[in-house]
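Note that the chains are named A, B and C in the order they appear, and that numbering of residues resets to 1 at the start of each chain.
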Amino acid sequence: MKRARSVGIGVAVAAVVFAVLPFLGITIPGVFDGPLNSPGTLNLLGLCFVFGALALTYDLVFGYVGLLSFGHALYFATGVYVTAIALTRWHWSLLAALALTAIVSLVLPLVLGAICLRMRDIPFAMVTLAFAQAGSILVMQNPFGLTGGEEGLALGGDTLPAALVGVVNTRNVYWIALVLLIVLYAIAWRAVNSPPGRVWQAIRENERRVNVLGLNPYLYKLGAFVLSAFLASATGVVYLLLQGGANPQVTTADFTLALLVMVVLGGVGTLWGAVLGGVLYEYLDFRLIALSNTSAVKDLPGLLRVPLSEPLFLLGVLFIVLVLFVPGGLGGALRRRFGTALGSTS
Amino acid sequence: MTAAASSARTADAATLLDVRDLHVYLGESHILQGVSFGVRRGGITGLLGRNGVGKTTTLRGILGLVPRTGAVVLDGEETSKLPVHEVVRRGVAYVPEDRDVFSGLSVEENLTLAERAGAEHRYDLVYELFPELRQRAAQQAGTLSGGQQQMVALARALLNADNRILLVDEPTKGLAPLVVRHVVDALRRAAEVATILLVEQNLSVAHKLVRDVVVLDQGRVSFTGDVEQLMGDPALARKHLGLAAAGAH
Amino acid sequence: MTTIALLLLTGLGLGALYFLIAAGLSLIWGLMRVLNFAHGAFFTVAAYAGWVAANFAGGAPPEVRWLVGVLVAVAAGAVFATLTEVLLIRPLYARHVGQVLVTVGLALATISLVQGGFGSDPQTFALPRWMTATTNVVGAGVPNTRLLVIAVAALVFALLLFFLRRTRFGLIVRAGVENRAMVQALGIDVQRAFTLVFAIGGAAAGLAGMLAATYYGTIDPGRGTSMLIFAFIVVIIGGLGSVTGSAVAAVVVGVVQQFLNFYGAAGVGDFSVVLLLAIVLLIRPGGFSGTTT
């Protein structure tokens, strides 16, 4: 339990630091464009938290149970779109919209997971991808004018409680994102260290042995699948609040693959590694776009400018390098440096 | 070369295959725990033992189909660091327990695939031993009976004239008595042109064919010697091979 | 009747494109157990290489330019695929998930590079006049591009079958798809077959990229990824490792997609193909060729 306590302390410290950030007018040049309490910086940090949390949910299903799902983005998008539709098209209250999203986010992965998990490995990955693609197509088709098709949905000022609207209240949404990350981390940590969590890891190692022990791997896999999908949907809701609208980009296969990059970046099999990967990915994505717009890069000859202007190119190359040379991701590399104090179930 | 080394070499000249301290782990199981034995050049050596004791794993370990530590020396040359296909090219043929013929290919294609460049291909010997294969040349191997597939598997191993040792894993498993006899005859003929290391669960077959035996027990070699030494002594046979051994002659 | 003929031939044309991508994917999966996400990148990069080459040969007649484009695309696809296998796949020999991941990274990197260099908007692809003309088939005016694509894909199918059934390498590939370990146990170095299969897949994907540009009249950096997903579906329905299975499944998927997109609403066809995959996998996890995964 000493390890748990040291992790707990670390998380608590980090939580306090980030909680008071909106009150700090410090500027860190090069890292953030404005002072720490500026809406722009808070929004970016909030997005980083969201992606850290989302990567965490993916790590549950991919890192801990070993299920290579290519359709995780679908559940994130569910959180984004169901809430957005309920708010903007049906004019429900936030609470009602959240309730609906919660229900859908339990039923959908239960049904789809039940189908997909009948297969293993690559066929499983392909069916999850196919279902996510179907969802993407569905959103783009704008059935009954609900999803807004290519343009997405914008949350008008009257759809949300006043405290969540407007640049002035960015810090409120920022805090929501922070709380989301902390709560999800706690849930994930609890889940992974519980008896079912240990079965998940056993399934990843050797599914047949789990069978032999008299346990039904299918049910455990389904449980993990539904839990991670439900949590992913929650991150989608907060994402919606930060972005102020829904955009079909979150339903694409590229997005799920970006999730994969995040988790591998941070290290498969540690929770904090996944969070680190998600945070870093979103931050890099943001900064690299900003970087490419600077005169320093714009003045470079085309051969250098083009690759440097495309964040996905740089991230893709980084990804390749990581897979080839640093199989444990950043988390793994740090763990090797600092020993087992950092643990694998933390 | 010193006198000691050259005499050691002469002593070893009778040994075609030398297995030294072979360890194989499958998952967490320590299947082979330091297996060491030599296979005499010429004739048939039997690799015997109870079920699950590691006989098939030993053959696969010799080839390199499973990760292993230890040394495998073929005719003085160490093959332990070589990839599987290089080991095979040095004249090692494998007849696996499940035959592993390619079901989607025809009989003829199965044989053609086994042809190695630079070696003489003994189709005359193969068709003499297994005339049915010539008749069924165009038939899909997946539609063959178990016995016929076994013939294809044996034919593949005999095809290349430069095959010095055949690793044969339970060739009579699941076959009707008539077919078993055919396989036994074929193996006897094969032994005229190559050394054979034969894993066999059927002890009466083993007794008919082999000269030397190596017995495995719990991942280690528990007995090496002449087959008569083992089979002629019921107590010894029972100790190493179990109850079934006592009545098998 | 004319509508049906038109839909059928358009569907076959689309199926032809899927087949060209799926055939390579299927062999790569069957022989190497690698799920090659970079196949869409082969498609895209080769298509743009061909397009650039075709524009380069500016003075020549349009047929020659088109042919130059096709040849360059095929070569570019083969080279890119070979480099990928040697530099990225081979070092990750035992790590199957790693191999999939590295192809994902490669796909992300190269396609975004293409987007950066050429822009994300589709660009027109100049075609010879006779290709954009239509031919009368049972009263329907079928664009010649469709017929051309079908003819080329049929030819490639025949060539692939010939390669698989009549050459030694083809024999090795067919056996390796069934049982890689046993092929090695016959003294054959499967590694060379891996590289060859990747190269063939890359060449076919490059051809598909160029033909897709012909079919649609435009070249587009996003097309590789969207076609790849359907190609994956074709591979699974047709049976992993089976070229004939891919051909049949490609035809079915292409035709179903066209018909349902027309008679339903746009997108219904695409949606239905995904449902078809789910149904097939529930009935038969190995797809229809019965090849087990």
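FYI, contacts are C-beta pairs under 8 Å (C-beta built on N, C-alpha and C of every residue); 3 or more make two chains touch, one makes a residue touch a chain.
Every value quoted in this text rests on a predicted model; they were computed, and no experiment measured them.
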item: Pair of chains ranked first by number of touching C-beta pairs; value: A-C
item: Most remote chain, CA-based centroid, reference being chain A; value: B
item: By mean Cα position, the chain sitting nearest the middle; value: C
item: Euclidean distance of C-alpha centroids - chain A vs chain C, Å; value: 32
item: Separation of mean Cα positions, chain C and chain B [Å, integer]; value: 44
item: Computed distance of Cα centres, chain B from chain A, in Å; value: 54
item: Residue ranges of chain A in contact with chain C within the complex; value: 68, 115, 118-123, 125-127, 129-131, 133-134, 137-138, 140-141, 253-254, 257-258, 260-261, 264, 302, 306-307, 309-313, 315-320, 323-324, 327
item: Sites on chain C touched by chain A in the complex; value: 29, 35, 37, 88, 91-92, 95, 97-98, 100-102, 104-113, 115-117, 225, 229, 232-233, 236, 240, 265-267, 270-271, 274-275, 277-278, 281-282, 285, 293
item: Complex interface listing, chain B residues touching chain C; value: 63, 65, 83-85, 88-89, 94, 96, 100, 102-105, 109, 112-114, 116, 156
item: In the complex with chain B, residue positions of chain C that touch it; value: 168, 171-172, 174-175, 178-179, 181-190
